[in-house]
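Structure below; questions to follow.
In this document, chain identifiers A, B, C and D correspond to the written order of the chains, with residue numbering beginning at 1 in each.
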Amino acid sequence: MFESLGLLPTFPLLGFLTLFLAGGFLPRRMIGLIGAGSIGLSFLVALSIVMPFLSGDSEEVRHVVYTWLSVGNFESTFGLYLDGLTVVMILVITGVGFLIHLYSTGFMIDDPSFSRFFAIMNLFVASMLILVIADNLLLLYLGWEGVGLCSYLLIGFWYTDPENGYAARKAFVTTRVGDTSMAIGLFLLFTQLGTLDIQSLLVFAQDRWDIGSGFAIAATLLLLGGAVGKSAQLPLQTWLPDAMAGPTPISALIHAATMVTAGVYLIARMHPLFELAPNVQLLVALIGLATLLIAGFTAMTQHDIKRILAYSTISQIGYMFLGLGVGAWSASIFHLMTHAFFKALLFLGAGTVILSLHHEHDIFKMGGKWRQLPVAFASFMIGSLALAAFPFTSGYFSKDEILIGALAVEGVGLWLWLGGVVGAFFTGIYSFRLVFVVFFGESRGHHDEGEVTGLAMALPLFVLMVLALLGGFIHIPVDNVFSHGAALGAAHEEHSVSTFMHAVMIVVPLLGIGVSYLFYCAGVFSVSSLMKLPLAKTLHSFWYSGWGFDCLYKLLFISPFLWLSKVNRRDVVDTFYAGIVVLSVFGNAVSVRSQSGLLRWYILSIVIGIVLLVSLGAFL
Amino acid sequence: MDTIPFEHGLLLASALFALGLVGVTTRRNIVFVLMSLEIMLNATGLVFVVGSSKWGHADGQIMFLMILTLAAAEVAVGLALIIQLYRRFKTVDIDVLSQLKG
Amino acid sequence: MILLSLVGVFFFGGLLAWLSEFVDVRLPRWVAMLSAVICAGLISRLVFMVDSGGVGLLGWVDEFEGSWIPSLGIDFFFAADGLTVLMLALTVLLGIVSIASAWDEIKERAGFFYFNLLWTLAGVVGVFTALDLFLFFFFWEVMLIPMYFIIAIWGHENRRYAATKFFIFTQVTGMMMLVSLLCLVYFHSLQFGEFSFNYNDLLRVDLPKSIDLWVMLGFFAAFATKLPSVPFHSWLPDAHSQAPTAGSVLLAGVLLKTGAYGLIRFTIPLFPQATALFAPIAMSLAVISILYCAKVALAQTDIKRLIAYTSVSHMGFVLLGIYAWNELGLQGAVMTMLAHGLSAAALFMLAGGLQHRIHTRDMREMSGFWIVAPKMAVVALFFSVAALGLPGLGNFVGEFLALLGAFSVSIPAAVIAVLGVIFASVYSLWVMQSVFQGPSLRQEGKDSTHEALLDLDRRELFFYGVMMIGLLWMGLYPQTFLDFSSGVIEDLVMSDDAAALYAREFSK
Amino acid sequence: MSASDVIPVAISGSDLLALAPHIALSVTIVFVMLLIGIKRIYAISSAVSMVGLGTSAVLAFVQFYGALSNDTSQQITPLFRIDLFSLFFIAIICCAAFSLSVFAYSYFMRLKDDQDEYQLLLLLAALGGVTLASSTHFIGALIGLEMMSMALYGMLAYPVHSHENSGGSLESAFKYLILSAVASATMLFGIGLLYTETGLLTVIGVGEFGSDPSALIGIGLLFIFAGMAFKLSLAPFHLWTPDVYEGGPMPASAFLATVGKIAVAAFMLRLIAHTNALSIVSVNFAVLSVAIFSVLLGNLLALRQQNLKRLLAYSSIAHMGYLLIAILSFSVESDGSVSLGTGLAIDAVVFYLLAYMVMSLGAFGCASLISSSERESDSIADYTGLFWRSPWLAVVLTSMLLSLAGIPLTGGFISKFLVFFAAVEASQWLLLFVLVVGSGIGLYYYLRVIFQMLQTPSKLEPLGIKRSNWETLGAVLMLFSVTAGTLVLGVYPEPILNLVEQIGLSL
């Protein structure tokens, strides 16, 4: 049964190949069928694998397809690995992926590059699946880079606009910076532990390295570099908002549900290693916290519907990092899953809004659209509730677990918790700011358009609504994976959390929603009057620019880099050789003057020569 | 019998040789150049004569005869060329021969 | 005997191609293709011989030895092992590809063109198979002449400068190698009483410490120029940008590899001690090559120049892997050579194709070709991402192994070199952006010259397809290739005390 | 006490037999002179000259192989010695003169009158060269050298009598005359100094100065070296070379470049081999600096030269510098004598001379084939597109230039290789460096000519003077054999190398 693990990426890959080679000749319906169908098949395969896995004793499964690389003592296989963590990931990827593909068959139907879209989407899913089922880091890296490439291609999907191309390159290069760090991490792990096979690696690491040893710290830091790049965390978060240049389903699938959470997956997968480096683990938490707050602030100020969601994604992944950092592994993965549901829902809802309103992105040009766009409204409502962790929606459970996990940390735990709660407050504000501005109040444009919808687009939305609402009741089968690290296990700690804390966690998001209501719906407070304060104005523009990271990086990296690339176009090394040429030509010019043609000078040269030689003879 | 020390002969020959060289270098009239050449060749002849008298055999003197012949031949060819030169350029200034250069 | 007939087929094929021009101007390309295909057949026999027989440093799968200049100890000594066979396969494949790329492009004096092309290939085959060092040097120099002609006759506007520069660079460093080689032979005659240029004999020479390093440097200079490595690289961008497509393909795909091959086969085994001393410098040069040339590449507007600089950057990984001198590094170097051979050749073909179509290499005059030529764009994308080291394609395997090998001997070198991968993504994507993406000039009505831009035809697609499959194969099942060279490389690494020396040098 | 006392002065029958090449040449000279006196038929006098040269070449070869098998050498009076070494040089000088005679035949075809004497002068010069190469005595050398030089004045000035525009030729002859006379005088002065010190005029004995020679000997040797350096156009005695080459008619320049150099070099080799001159510090240093200076200056001067003849002249300066490098690599024994048996230096020198002769002949031959006495095609621009106008000729010229540049497949490569080898053996690192630098610069100008030939000219003008195939048939055949020779030297040098080794040992 588990041999069919290999089939998981095979179907999307076949879909990709078919569309790549024959896409130009196929009718659109066929393309849609192949594109979405391959993921559907993959989902069925996933189910067929997961069912026996869950009903069995949830033992890990390994399946080596073939030996990829074997040089000397280095060996890397095309090996697949299945455990609880993988199960969650493949279900999310194939499940949510299938829904988004289905949605796309409606959303993208008018695009001239329909088949290119599905080809790359399928390739993406294949890469993502390889990433999560790889049993060794090199294969994981293959998937890791593969999803990066697909992300690049899809962000720049509408390539005729150079802006999109820029965003795509920004995304790719920024994540590549992280990937490079990760690659160095792989080198380090291999040279120190002699293998890249994840399971043996973790065992070796625990055997050979003490807690807090230098190698562990270095290795985890390097892996963390990869993770923050892919998951758009500080300091490499700047690419994700720009990545919204791609079609909206892309944002839903890649930049919300799956790819950006790869970093979370990586850390969770390597968690025993991180446990060997408590300082780094704390750093993960702090990065998560800082990111979630910064992104939260920024999300409150954005106008572009997709950018708001992008910053919210960054913020939510910040929560996951926080969870990872505090050792609440399963909570993070849980949040990863619920986030995939509600954020996909939100993005797809946003897609419907955008498509219906003729590619309008600015939320302040919308307003009062709940009648006009009922399905989108429902999606947004449910998605935002889940996002804001409204009690008993999916987001509530997962966020709750993370925050409780944070509390369990000795020392800084309370502060981490407090940060998370503040973040939750902002989440409430910005998520419902979006809902209120777009769907309530008076209409500020686009009065006549009806909702673009169809079964293909609506069905995924409904399914996702259900999942976003009820996803919190799913039990993810990761206990075995994290069992040995679950010394701080949630079950035990939950009792120590006071009811007051619980109450705070329930109330704070509601407060956020309330504030948002007062500002954006009831009109009790007005943003414009607040903006009259110079401080608020400065803060607003600071937050709006994403805390100035783009400017900072432009100043620190891009400008010097551009300068560097311009400054030496003609290759300064060449001037050395040109110098030799100049020298020779000069020597030629000088020596040619001796060939004056004058016979007497020629005789004189002979005389000089003789005198020189003879004086040589006299003196030597 | 006192003989002239051969060093003296050599010094004289060297002086003549140098004189000839200077003449060849500085004169512009081709005829004088040829004459200076003669002086040089005769200086070398003198060296052989000196050497021959030092060693007391005839080799050097034979060489001297050869040099005389050589000088004569050089001059013969040289004069023939001078006639051509004069026909062409109406001058015997050696510096007209500077068309080829570079 | 196969090796000799390989050289012979190219040699006589070249002559025949030239002569056939007088019969029909379309004949030379067929003759050339036929010779290349015959050679491909011969090499496939070699492949099976490697598969069946054991291979090792001194256990050649095929050899040919004949007397040439016995009074100086010079023989016709050709031999091949797994590594050679890989290189030969690459040579012949790219030979076929370059003939294909010239198929329609070269119309003038086609006979002489294919003559030169085949003679270049003959020279390269000779370089890869000759194990008498005089013979090696002979081929090393001989392969330059036809290449010079290719650039000088069929090159672009600045071809005189480029061809001359190419020739002088390689010749002068070749002479340095000659001096070193002769030193080696001289010391062989001192130690063993006779001249010998035979590789096996020269391996036994024990050079005095005082000159060991200098003699090694002579070899290094020649190979580093061909490779090329900073600071000997500056001939390459000129040669590449001026050469016709087929010339660029051969240069990038094959000729550069001879330098790396020389380092692996000759420099290091012949001078293990000096190499150990020199390795930190060589690795530094490699790192500088990787970063510096990636940087310069970014500044280029001439697309062929840009690709040329990226070639230097990529060959830096080869140098790095070689001087790491462990199995990982060497295998990485070999894989990078193979993969870069294909990817760079393909990129040059694309650039050449573009120039053939729109008569410019200036990227500022290109934009939005994806709409006009989507197939070409996809092909370009494939090779660009191959060049930037996407896992699953050959380049990644090579560069990863080379870096991994380097990491185990020198962490700083490997870490700095990895940055080159980031640069690689910047320039590769920049090319894609400025050539294929962005607004189409034609649509905006700004440009009329681009209307002639045709998408790839079937013949082109076929050859690109072959190379794509090759890169995928290398990326997904590199073991096929690694197995060929593993025996050789194991022996190389084992046979030298270099590894031990390395450890000592680096621990200082 | 002197060597001349030992060696019988009388000439026996076997001596005459040994001198057969010389005699054959002399007879031909007389015969041709008579022929011209009787009736001027250019074809016939040329044919007779060629036959004469060919005969003496064949005779020399026959004797050479005879000597090779029974390993003899014959001293004929103190003046001459017929051994493998001199026979080899006699043979190649005759061959060179033969081919030059063939080239000259078509070159002077269109000369209005008096074509015949050129062949006569050529024969005389060849005889001079042959004599010089076989002499072991300064008197013999003087006779040979001057016979060659005198004839060369005439050859260089040859077109003067019938062409109004041949000022260059006159100037060339004049310069050569004056400068050569100065150089001869210098050399003779040196010989004189040597003679006063040692009392010997023979080459073989004169060199045994003992371990501590007097300063006068050193100075004498330096004078001799200066004179020879002029003939070999070594810097700083090189200034005449380009002017004389450019001004003279193509075949005469070619003669000067080939026979003129080789004969002198042969004598110089003998001198160096039989003296311990190289062990004298001042001489050694002088030769060293002249070598370095020649290599660098020759190559630099040629760098931007636009005239093919001048370019070849400059390149010959450099090549003679390379030759000196090989000579400097002779292994000098502890007692100061040169040991030719060990080391490759002598092989390198002899091979180099042979290869240099072949490639110069080829290069000048090509040039003279597209030139005629009426119009010299010596500007590089004249060669534009030669590859497409006359492919075979271009191939020949290209292979010659590549050979001069020392590129494999050609004799020039093997000869340069041997020079490298010899220098490495002698650990002459400075010279090796100069060799590499010089050859590097050299590549540039050879390539420049080749590149020019590859260009497509805007308009394909007819080459030089149109001539019928019959007129040039001999020259073309000769060119191909010369090319074949270069390629054989480059690809399969083994037999020649074996010969060269024997020749070196016989010296």
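Everything below uses one rule, namely that a residue touches a chain if its C-beta (ideal position, glycine included) is under 8 Å from a C-beta of that chain, and two chains touch if they have at least 3 such contacts.
As the structure is a computational prediction, the values presented were derived from the model and not from experiment.
Asker: Going by average Cα coordinates, which chain is farthest removed from subunit C?
Answerer: B
Asker: Which pair, B-D or C-D, has more C-beta contacts?
Answerer: Output for the comparison: B-D.
Asker: Compute the distance, rounded to whole Å, between the mean C-alpha positions of subunit B and subunit D.
Answerer: 26
Asker: If you average the Cα atoms of subunit C and of subunit D to get two centres, how far apart are those centres in Å?
Answerer: Roughly 43 Å separates the two chain centres.
Asker: So how far apart, in whole Å, are subunit B and subunit C when each is placed at the average of its C-alpha atoms?
Answerer: 64
Asker: Taking each chain's centre as the mean of its CA atoms, how far is subunit A from subunit D in angstrom?
Answerer: 78
Asker: Residues of subunit A touching 2+ other chains?
Answerer: Those would be 592, 595, 597, 599, 603, 610.
Asker: Could you list the positions in subunit B whose residues touch two or more of the other chains?
Answerer: Those would be 21, 24, 97-102.
Asker: I need the residues of subunit C touching at least two other chains; which ones are they?
Answerer: If we look for residues of subunit C contacting two or more partner chains, we find none.
Asker: Identify every two-chain combination in which the chains touch.
Answerer: After working through each pair, the chains in contact turn out to be A-B, A-C, A-D, B-D, C-D.
Asker: Which positions of subunit C touch subunit D when the two form their complex?
Answerer: Touch residues, subunit C against subunit D: 68-72, 109, 137-138, 141-142, 144-145, 148-149, 152-153, 160, 163-164, 167-168, 171-172, 175-176, 178-179, 182-183, 185-186.
Asker: In the complex formed with subunit C, which residues of subunit A make contact?
Answerer: 20, 66-72, 74, 138, 141-142, 144-146, 149, 152-153, 156, 159-162, 165-166, 168-169, 172-173, 176-177, 180, 183-184, 186-188, 190-191, 564-569, 571, 573-574, 576-577
Asker: Tell me, which parts of subunit C touch subunit A in their complex?
Answerer: Interface residues on the subunit C side: 165, 230-231, 233-234, 237, 292, 295-296, 298-301, 309, 326-328, 331-332, 368, 370-371, 378, 381, 385, 390-392, 396-397, 400-401, 403-404, 407-408, 414-415, 418-419, 421-422, 425-426, 429-430, 433, 436-440, 476-479, 482, 486, 490.
Asker: Given the complex with subunit B, which residues does subunit D contribute to the contact?
Answerer: Checking each residue of subunit D against subunit B gives 4, 138-139, 142-143, 146, 150, 153-154, 157, 160-161, 167-168, 170-175, 177-178, 181-182, 184-185, 188-189, 191-193, 195-196, 199-201, 242-243, 246-247, 305, 307, 310.
Asker: In the complex of these two chains, what residues of subunit A are touching subunit D?
Answerer: 584-585, 587-588, 591-592, 594-595, 597, 599, 601-603, 605-606, 608-610, 612-614, 616-620
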